[in-house]
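Working notes, beginning with the structure itself.
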């Protein structure tokens, strides 16, 4: 619950046509909002709902004010303003301090006085839990791991030994940080010999790590996730990868060992990045594409193919397999054509 | 252990050529079954094993009865009959009631008298565990979450705050339901601002959720999985997705935000669905395809390409990159050909 | 900490130009190693750093000895030697014996006297934990599961009922072994009927299972992972799959039901394998390829397409959809050309 005045202040928006003391109870889309609810116009596809909305107030840009039947919270950046306003309405989870009686904390771990260690957590020797950290239920913090100030591990998160999390890191359920990298040497007899993974993981400040995402520790040096990186769910980050600051990776992305991703990059869902390559800053890759060689220039890249009806696709797919033949047949034709017709201008005169 | 009579009743099959009192101890494939074991003929590739099977009885369709050397359980739908019969032989896991002494249940949670909360579970304030629910070991149930009657969380499942599970939901180990959606607004300085995820998740009745599958909560409204949906392992469902009733998604599928999947759809393993699109009812998508635009008609769709020997594939792949050139070269040839030969009928007369 | 003599012995390398008593404290890459550190030359891209390294000793092959400014550990197989030497420097995690007081172990489970059951573990009735096993924090071992001698479950691992792990199996956090397979029969009314998954899982000796990897139990017979198989993170192995000995699968691979993978195979990251097919021994599949039919010959296979700039890719992708048209247009041209020019040698004479 917040007043329009509080919302305007949080959102960095200008209140137009309303009373700052009006109380708002929650947030809803334009077409569903009722009295007492805040709404917003960010995507053009919601514009048709503006004139008839019953919202108590709407976050929007100045271009849309004229069509707003309710008090307006005007801003040049409605998405940012919405993100900030919505934070006022997030469910306040109960705030705790201390160690839950069912948690097990090594006497050699160091827990800040105002941190919270939830039920059934395990905190091993030498781990450091800094001020304001919230460790939700059933998490495991390995030996000598460091959880930076203000971080939150939602639940069932595993942070392995010697992993370092920066400040305000948010890790969602099932995330695993610091599992062994996939390092194997082929032995003489065709068996795999495990290469010990001696490195760690460094996670920067303000990093978000999605549910069931896995980040492997380095083989020798550390795997590094720089400040402000956002990782969605089910992502796999292999050993010795570096992801540059403020890059965002959507769900199911896989990054192979030692790949270096630039800053401010965006990888779509299901993208695969091969090992030992570099991606420049400000590169966007669309969903389900494969990056198999380095990308040196910023810009958008793709290799995904969208569906066709199965029958058509089978035909395309079969033709694709004969693409080399096609090129060769075309070249034959071109040669013949040139034999027949070169110099083409002569043909008419030939006939004369 | 069950008699042939009991099996016939459960399977909805007609016992032919056997004694209803015969005791069956377990189930096995046709080619491995021994005396006392039940077998079945569903896939044609097992037909060669029928005449020599040593099974004590076989579930099959009437077309195969003549070749069956054992008592037959005859049905028009052997797969369904098998599914029902096999349920008689599932390992009865020990059935418990109450709260395990190592579980932690908030005094403000509400647990049905006949439900079971297993070892090391955490059940937060306001959670509701309905009648007959089995919560296996090391699960986490967040604040105000509701687990509908008869549901089972196998182990290590996380159900976040305010998530609602219907009746008879089955969630496998490592599943995460209600993690934050991947909502980000780009701030002026190139940093990502988290958009609070205020919505929840609604899971219908009879939904199955695979191991390590993740379902994000909605940004504002709920993510919805309708009745009877079956999700395999390692699936990612983003915020505000809706999956229509009785759709089945195979392993490793990823669905981006706000995508709407119809009813009775089937998505193959590894399929990716882009955000903000709609897939009609009764659509099938084959494995590892990308759905990047809406599908409005039922039917089968594909965009996956199967492997070729590496050398050949490299050639195809290089040619593919020159496909535009190929089209242009072909057009040049066509123009030349038309110049040379149009009207083709005139050529002979020309020569006359 | 180890002496050069100990390292040489462990690595199976010959110490040249150094004192066997020299003490080494840790391991570092050639370009970062300081005095007291061991380094190595495995990949050619590190060769430029050899002559100026400050490492106390370097593992390398005889071809590189002449350029090594430090004592050399000479071997024909530097990668293997390094793997063995590095094991001497792995962080010795504290070694425990017994059952942690916060663990819950069924009185009907059988735990070897020298095994370790960590905090918040759950071990159900009939489970067998053999000698030397380490079960890390917050793991769940189901009824009648067997964990073979010397195995280690790092943390948060789920081993479901009746699953059998061989000796020296290493399972990383979040791995799930023995979840139900995705077995469904379509009922008359379009609903899915669950097919009970009555089989188990057999994991061989020396298998490694990555973080958040899932392995389903068989529908009737067992899912089988043979000796020495290495599975990276986030892999999905469906029911009744068999993976042959000493095969290695990189992250995010998905294997559909009943697929049979040969021995000594290598699957790249994100590869998908369709169900009910066979892959021969010694097959390699490159990253993000789809194997949709059986592979009968050893060798390397691919179907992945790497990214292009988005604009170019959109053009290629649009052309690809017209590939069938292209073939048909080419065939038309070829026919015309043959009409016009056959026999080409006659044309000039015709004109004479």
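We just call them A, B and C in the order they show up, numbering each chain from 1.
Note that in this section a residue touches a chain if its C-beta (ideal position, glycine included) is under 8 Å from a C-beta of that chain, and two chains touch if they have at least 3 such contacts.
A quick note: this is a predicted structure, and the numbers were derived from the prediction, not measured.
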{"item": "Equivalent interface positions on chain A and chain C, same or different at half", "value": "different"}
{"item": "Chain B on chain C, rotation in degrees - Cα superposition, rounded to nearest 5", "value": "120"}
{"item": "Inter-chain centre distance, chain A versus chain C - centres from mean C-alpha coordinates, in Å", "value": "24"}
{"item": "Overlap residues in chain C, where contacts from two or more other chains coincide", "value": "102, 120, 138, 156, 174, 212, 234, 252, 270, 305-306, 308, 320, 323, 326, 330, 333, 337, 340, 351"}
{"item": "Residue ranges of chain C in contact with chain A within the complex", "value": "26-29, 32, 77, 79-80, 82-84, 86-87, 89-91, 93-94, 100, 102, 118-120, 136-138, 154-156, 170, 172-174, 206, 208, 210-212, 228, 230, 232-234, 246, 248, 250-252, 264, 269-270, 287-288, 304-310, 313-314, 317, 320-321, 323-324, 326-327, 330, 333-334, 337, 340-341, 344, 347, 351"}
{"item": "Touching residues on chain C, where the partner in the complex is chain B", "value": "102, 104, 120, 122, 124-125, 138, 140, 142-143, 156, 158, 160-162, 174, 176, 179-180, 182-188, 190-196, 198, 212, 214, 216, 220-221, 234, 236, 238, 252, 254, 256, 270, 272, 274, 285-286, 289-293, 295, 299-303, 305-306, 308, 312, 315-316, 319-320, 322-323, 326, 329-330, 333, 336-337, 339-340, 350-351"}
